[in-house]
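Each of the two complexes below includes chain A, the first together with chain B, the second together with chain C.
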Partner chain A sequence: MTTTTAPPAAAGTPERARFTAVLRAEWTKFRTVRGWVIAPVMAAVLCVLFTYLVANGTHTDYCTGTGDCTPGHAFVPTGPDGQAVADSYYTVGRQLTGDGTITTRITTLTGVTSTAPTSVAPSQARQTRPGLTPWAKAGILLRPSTRQGSAYAAVMATGGHGDRFQYNYGHDHAGRPGRAPRWLRLTRTGNTLAGYDSADGTTWTRIGTAHLAGLPATVHIGLFVTSPVSFRSSADGSRTLATATFDHTVISGHATPGAWRGQNIGAGEQDFYPTLRSGGYHRAGDSLVVSGSGDIAPAVVQGLLGANTAASSQPFGLTVALIVLIVVAAMFITAEYRRGLIRITFAAIPGRGRVLAAKAVVIGAVAFVIAAVAAAASIPLGEHVLHANGAYVFPAGALTVVRIIAGTAALSAITAIAVLAVGAITRKSAAAVAGGILVFVLPSLIGSLGSGGAVTWLYRLSPAAGLSVLQALPRSALVDYPYTFGNGYYPLAPWAGLGVLAAWAALALAIAAVVLRRRDA
Partner chain B sequence: MIAALRAEWTKTRTAGGGAWLLAGAVAVTVALSAGIAAATHVSAHSGQEDPTKVALGGIYLGQAVVAVFAVLTISEEYGTGMIRVSLAAVPRRLVLLAAKAATTTALALAAGVLAVTGCLLVGRLMLPGAGLDPAHGYPLISLGDGPTLRAAIGSVCYLVLIGLLALGVATVVRDTAPAIAVVMGVLYLPPLLAQAFADPLRRHIEQIAPMTAGLAVQATATAHSEPIGPWAGLGVLTAWAATSLLLAALLLRRRDA
Partner chain C sequence: MNEATIEVTGLRKRYGPTLALDGVSFTAPPGKVTGFIGPNGAGKSTTIRVILGLDEPDEGRAWVGGHAYQALNHPLRHVGALVDAAAVQPSRTARNHLLWLARSQRLDAGRVDSVLGQVGLTAAARRKAGGFSLGMRQRLGIAAALLGDPPVVILDEPFNGMDPEGIVWMRALLRTLATEGRAVLVSSHLMSELQGIADHIVAIGRGKILADAAIEELLTGEQVLLQTPAPAEAAQVLQRAGGATTVLDDSTLGISALSARQVVEALGRSGVAFAEVSTRRATLEDVYFQLTNEETEFRTGTAVRR
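For the complex of A and B:
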């Protein structure tokens, strides 16, 4: 029997220690420190508690033109897809049964803008100056009924966006550019509606078609004019009114006989959308002159409603939870340096990068789960309390809520990992904790100084961009609105913002990995 | 007491990070003020601005560094076990705390004077470019102006009081990470909470919170819109610092190191 030399297993095995074993070691370290287990649970509880307090402290009053204020909110129509919509306009029309075609010519489209902002009561803001807003609309409208928020399709001339075919508040097709005069035509064939425009009334171009499911046999058809709030000259917005002259209006199909009927839709005191004054119409020879104020578009003018969304009560509670998680993440590595445990850790697992990776996985997973649970509990709670207090809550789809919960969890996990990496680089907790907290609290405080420019850049470039995942208010290209941070809009898209934070975390992790390898423990 | 003071001064002077932290506090304060000034654009539509307050905006960040400095003066001693040596050398614990408070005061004062001077210089040079110039009805920042002088002196006092508040908290908590989190939480969270509420609750929170009350001293042109008067606000912050130091003194005497 020959003796064989044993391979140098003693030196090789720990080096090759399976990553799961390293992970288990780090998880054991984490769960056996009582404070590190209690603190994240406390973080979740604090998040829910503060979300409740903030939501409960939010009250909105709804004031009528006469100055009486009562708890509650103005009426906001809900569109076919469950979104909040503006649906205010003036229409002159009748009923159409079965298929048909409406043709008209718009000879002029003009507008006026109030000199007072929307914060001034309409009765005290009668003065106007000429000015047509780009999204002032005049054209042909077809819808099952004039109930606000119901389905529709419309072909229109606009103040600055050319001819358009739009339906159900978010769908838009561009036609011929330029302004009036122009010819417009809307056809109904079953549930299919098509919009056409023409320069001369003989050569027609189709702009787009829409299929409105469940359209009844008899529908409302009519000419309409509306003109949205303009934010050109005032941050609060100014009411506007547009006036259009229609002629050569022809309906083919089974329209109700008799006179045209004028209707002001969504311009009452209880309606949220600011309108300059009641629209109207009159005949001038063969022409029909129609004026209207309002908008048919997605609702984004949230300054008039308060900025409450499903997630709007959550940021403060989330900040508190993040601070707690930041402290735990920093101590998860700096405590090892302080007590000298790091030398034993590196003796047991010489692959230092794997130790860092295992720590990142453990703290990231803990932060992810804690934040997911906290967000999943606090978002519905906050929304419920806001509703109960009579506040208007911008409707958010289930997908948006899921995105905010997942985004909150990812934001917390990435933040914890970044703080861990900074702790590994500095070996002391001071910089990791102070830096981690400052990133999330400073932008909103500088914002209160009134320097909107500085804040916008912080939310673009700094790790605070990760907070963009909390964005719940919708944007729309069909509404001219200052989509600024002050109005509740982060400058970056949710996942792009999270990407900026992730890039910072990756940078910190890379530096930490290099530094750990190079230097003595 | 003199010996304890000299010992504290030697520790701060020789233990690495202190000087860098204070230099950093001055640098980040002035840098943030410059950044805010560069990003400020005053138009006819924006409301009444306060050039002095905008120029001193860097304090929002600088105070955090001063707080970290003050926390570290005692929490690092607990972290390394040095505190047992210190208490063996200076058995009267309140003398040790007083010496640390005096050192913190002196150094925060020095850093504060430099930072505030830098901020006001930046404001004087950069803010006219943002539209805050005499042509638009905003006089140049000058210490000859009473409210501006008050804002400058008040901001220096503010930084000193933040240092003392942080020292007290760190003595109570005895660990760097939670101490920094507590101090920064006490400073930054109440204003965020206040933003979520409407008056009068918002105003009450801002009147009793250390940062919003203390920084009311920075207001010159817009003093009427502050939640609390300039010196009264600094008084509120003084009460916070005194409470924290009192609690620290009690616990330091009672507890085993």
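For the complex of A and C:
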């Protein structure tokens, strides 16, 4: 008997120790129901299995202009940072050894756009209409070699973005706005490259500099023109070609003597980037007229490559796993209501908010670990199978893969916690499971069927926004592309999307906490 | 205030149109078994839920050892309760059911094995509670109530579903718990279960306390038993004469507040036939029927014999 020695009632134990006790109790509850332990493991297995099936159902054929198709995909260059890049253009140039400066003036920059979509082979779609795309580029290019995907720096005039200094596909500095005529200059000093522009050829403004480590003594320098696919008039995109007139071109430094040499880069049949036709150049008096088609920029045009990423085979398997986790999360609290066990729980732990918090921690941790394991297994598996089936898979850096795994885990944990809260509110398993699936899974299922504006809003406002953490397709401000859901792009950034889901979960938890406190058990 | 005391004052609780508790006050003192009796729906379970902080009363307060339940740190060390023996997760073993409760109170697993032994469930400890008979679940519920070695024990209908052997065991356990100095509050709708073990009776009907007295005070009266072929007529006559009647079976009436002679005289005057008149000492059951007569008559139109 402890009649006289019992500890004083109320507040004898620090809050943290009290919560730890509740947490241990809830964890004991969870692990001692075999079905609740088996189901999440099954969820992970199902996630991996369905990821494999989805990836295995994806086959990509690569077709030549003559209509022969074999499994595989067109050649996609990989840039210095490991990203997929477009590297297709026409250049006229020579070799430069050591430091030097190239100066030129662009007097005109014009362009044409194909009237047929990119899906039609260029040989069948010769018809064009005038039209210069905003990211058509003409200027001075310097790179160690013309191997596609290698490092570079360039200063250029563009169709609609003014003068730019760009290097290594993703790096961009803006110069003066407006179009030709204008003067451009690129200097090399050791490994440092600087781009300048000028309205009159006497007053120069530096746009930006780049440090290209390991730049060899002899590099390619030249004038270049390129013009990317335009999505202005066609959702499929239209091939374009730009033409620029250069004069007053001067190279100072040790340039190879002799004639300028023209080269069409990345415009072959095996290259992925759609070009209107081969570029070229000719002399017109003191001027050099150069035309080119393609782009030097990050590759985002997934319509041409497919939308496969390391995570693209995963959503279906993840949805299946989520449904299993939702059932377990709902049962974790509704089973107590069904059996009347909730009274024993609340008699043992009168702080009901503490019970809810402990249950949330337990089910959240279980879902997090299960989803992390499932994602860590299914991402490399899906990627491997896609590669084996000939599909192009957009390269994802280690950081991106870690983000997707952690994001998948967080997405599952937050969903499980939200469903637990719904279970606390409804007290009924069927209602909680149905509600959980309705609110947390259905939007993503609907979203996978359509791609209209309403669906985009689902991914902005509904809990389905959480799926944004799976985003692995690159996007770039340097490429005009409809970054729509239909093209594989979630409307929100990964962590912002997760934040939307977390806000829904927080709302459900807050309601649950209030209801639990006010309601008789 | 002794820690082993339950004190309930002025509880009022309404569920929609139903007034479940209408000013319930009583005290369950330490060292005694307090029988909490009343028909189903009288308010016993509601009162117990209020004491355990599960339901919030509209008015009034319940104290355990001078504290509100919500303020207790690790409440199972202060109050052990059996509220609903069916309340187990069927796929969890008996031992694991007690283990999570022990964790929540920062008690070690040794306590779990100890109470399992105390209620005779050691052999069944690793079986799933879903396969338990109601009697075994009652024992598991008792084990949970005793887990924290609490000075106050509250058991709601602990005899439900128990076999005769279990009932004998339960009665002995209740006595032992009281002898150890604990306050024991036991609710029941079956009077016979509490006869001989309750020290104190709190009777409740339709949310009101009907009696709150030591058992000796309640069992002083004598009862007259009447065998008659016309119990309905006899009851009418005797009630007019000032007696309280209970129908015990289709030819037997129990009468209190009248002596045997008064019964014979009243029936004689009215010419109601009867076969036999005898007297016996009142049982707890008689007291119960007397106290709850009005209540049950109101609901069913006729006295109910359980």
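Basically, the second predicted complex is superposed on the first by the 491 of 521 C-alpha atoms of A that agree within 3 Å, B and C clash if a C-alpha of one lies under 4 Å from a C-alpha of the other, contacts with A are read in each partner's own complex, and residues count from 1 in each chain.
FYI, contacts are C-beta pairs under 8 Å (C-beta built on N, C-alpha and C of every residue); 3 or more make two chains touch, one makes a residue touch a chain.
Not measured: the values here are computed from a predicted model.
*Asks:* In the superposed arrangement, does A:Val433 touch chain B (first), chain C (second), both or neither?
*Replies:* After superposing on A, A:Val433 lies in contact with chain B but is clear of chain C.
*Asks:* Pick one for A:Val441: touches chain B only (first), chain C only (second), both, or neither.
*Replies:* A:Val441: touches chain B, not chain C.
*Asks:* Which partner chains sit in contact with A:Ile344 here, chain B, chain C, both or neither? Use first/second/both/neither.
*Replies:* After superposition on chain A, A:Ile344 lies in contact with chain C alone.
*Asks:* Does chain B (first) or chain C (second) touch A:Lys359, or do both, or does neither?
*Replies:* It touches nothing on chain B or chain C.
*Asks:* Name the contact category of A:His161: first (chain B only), second (chain C only), both, or neither.
*Replies:* neither
*Asks:* Examine A:Arg105 and indicate which partner it touches, taking first as chain B and second as chain C; both and neither are also allowed.
*Replies:* neither
*Asks:* Please name which positions on chain C make contact with chain A in the complex.
*Replies:* Against chain A, chain C makes touches at 2-4, 30, 49, 52-56, 65-67, 69-79, 81, 83-84, 86-93, 96-97, 99-101, 103-106, 144, 149-151, 180-182.
*Asks:* So in the complex, which bits of chain B are touching chain A?
*Replies:* Spelled out, the residues of chain B in touch with chain A are 32, 35-36, 38-41, 45-47, 49, 53-54, 57, 60-61, 64-65, 67-68, 71-72, 79, 176-178, 180-181, 184-185, 188-189, 191-193, 195-198, 201.
*Asks:* Give every residue of chain A touching chain C within the complex, in rising order.
*Replies:* Counting only chain A, the residues touching chain C are 1-4, 6-13, 17-18, 21-22, 24-26, 28-29, 32-35, 335-336, 339-341, 343-344, 346-351, 520-521.
*Asks:* For the complex, which residues does chain A have touching chain B?
*Replies:* That would be residues 50, 54, 57-59, 233-235, 313, 315-316, 319-320, 323-324, 326-327, 330-331, 334, 338, 428-434, 437-438, 441-442, 444-446, 448-454, 457 of chain A.
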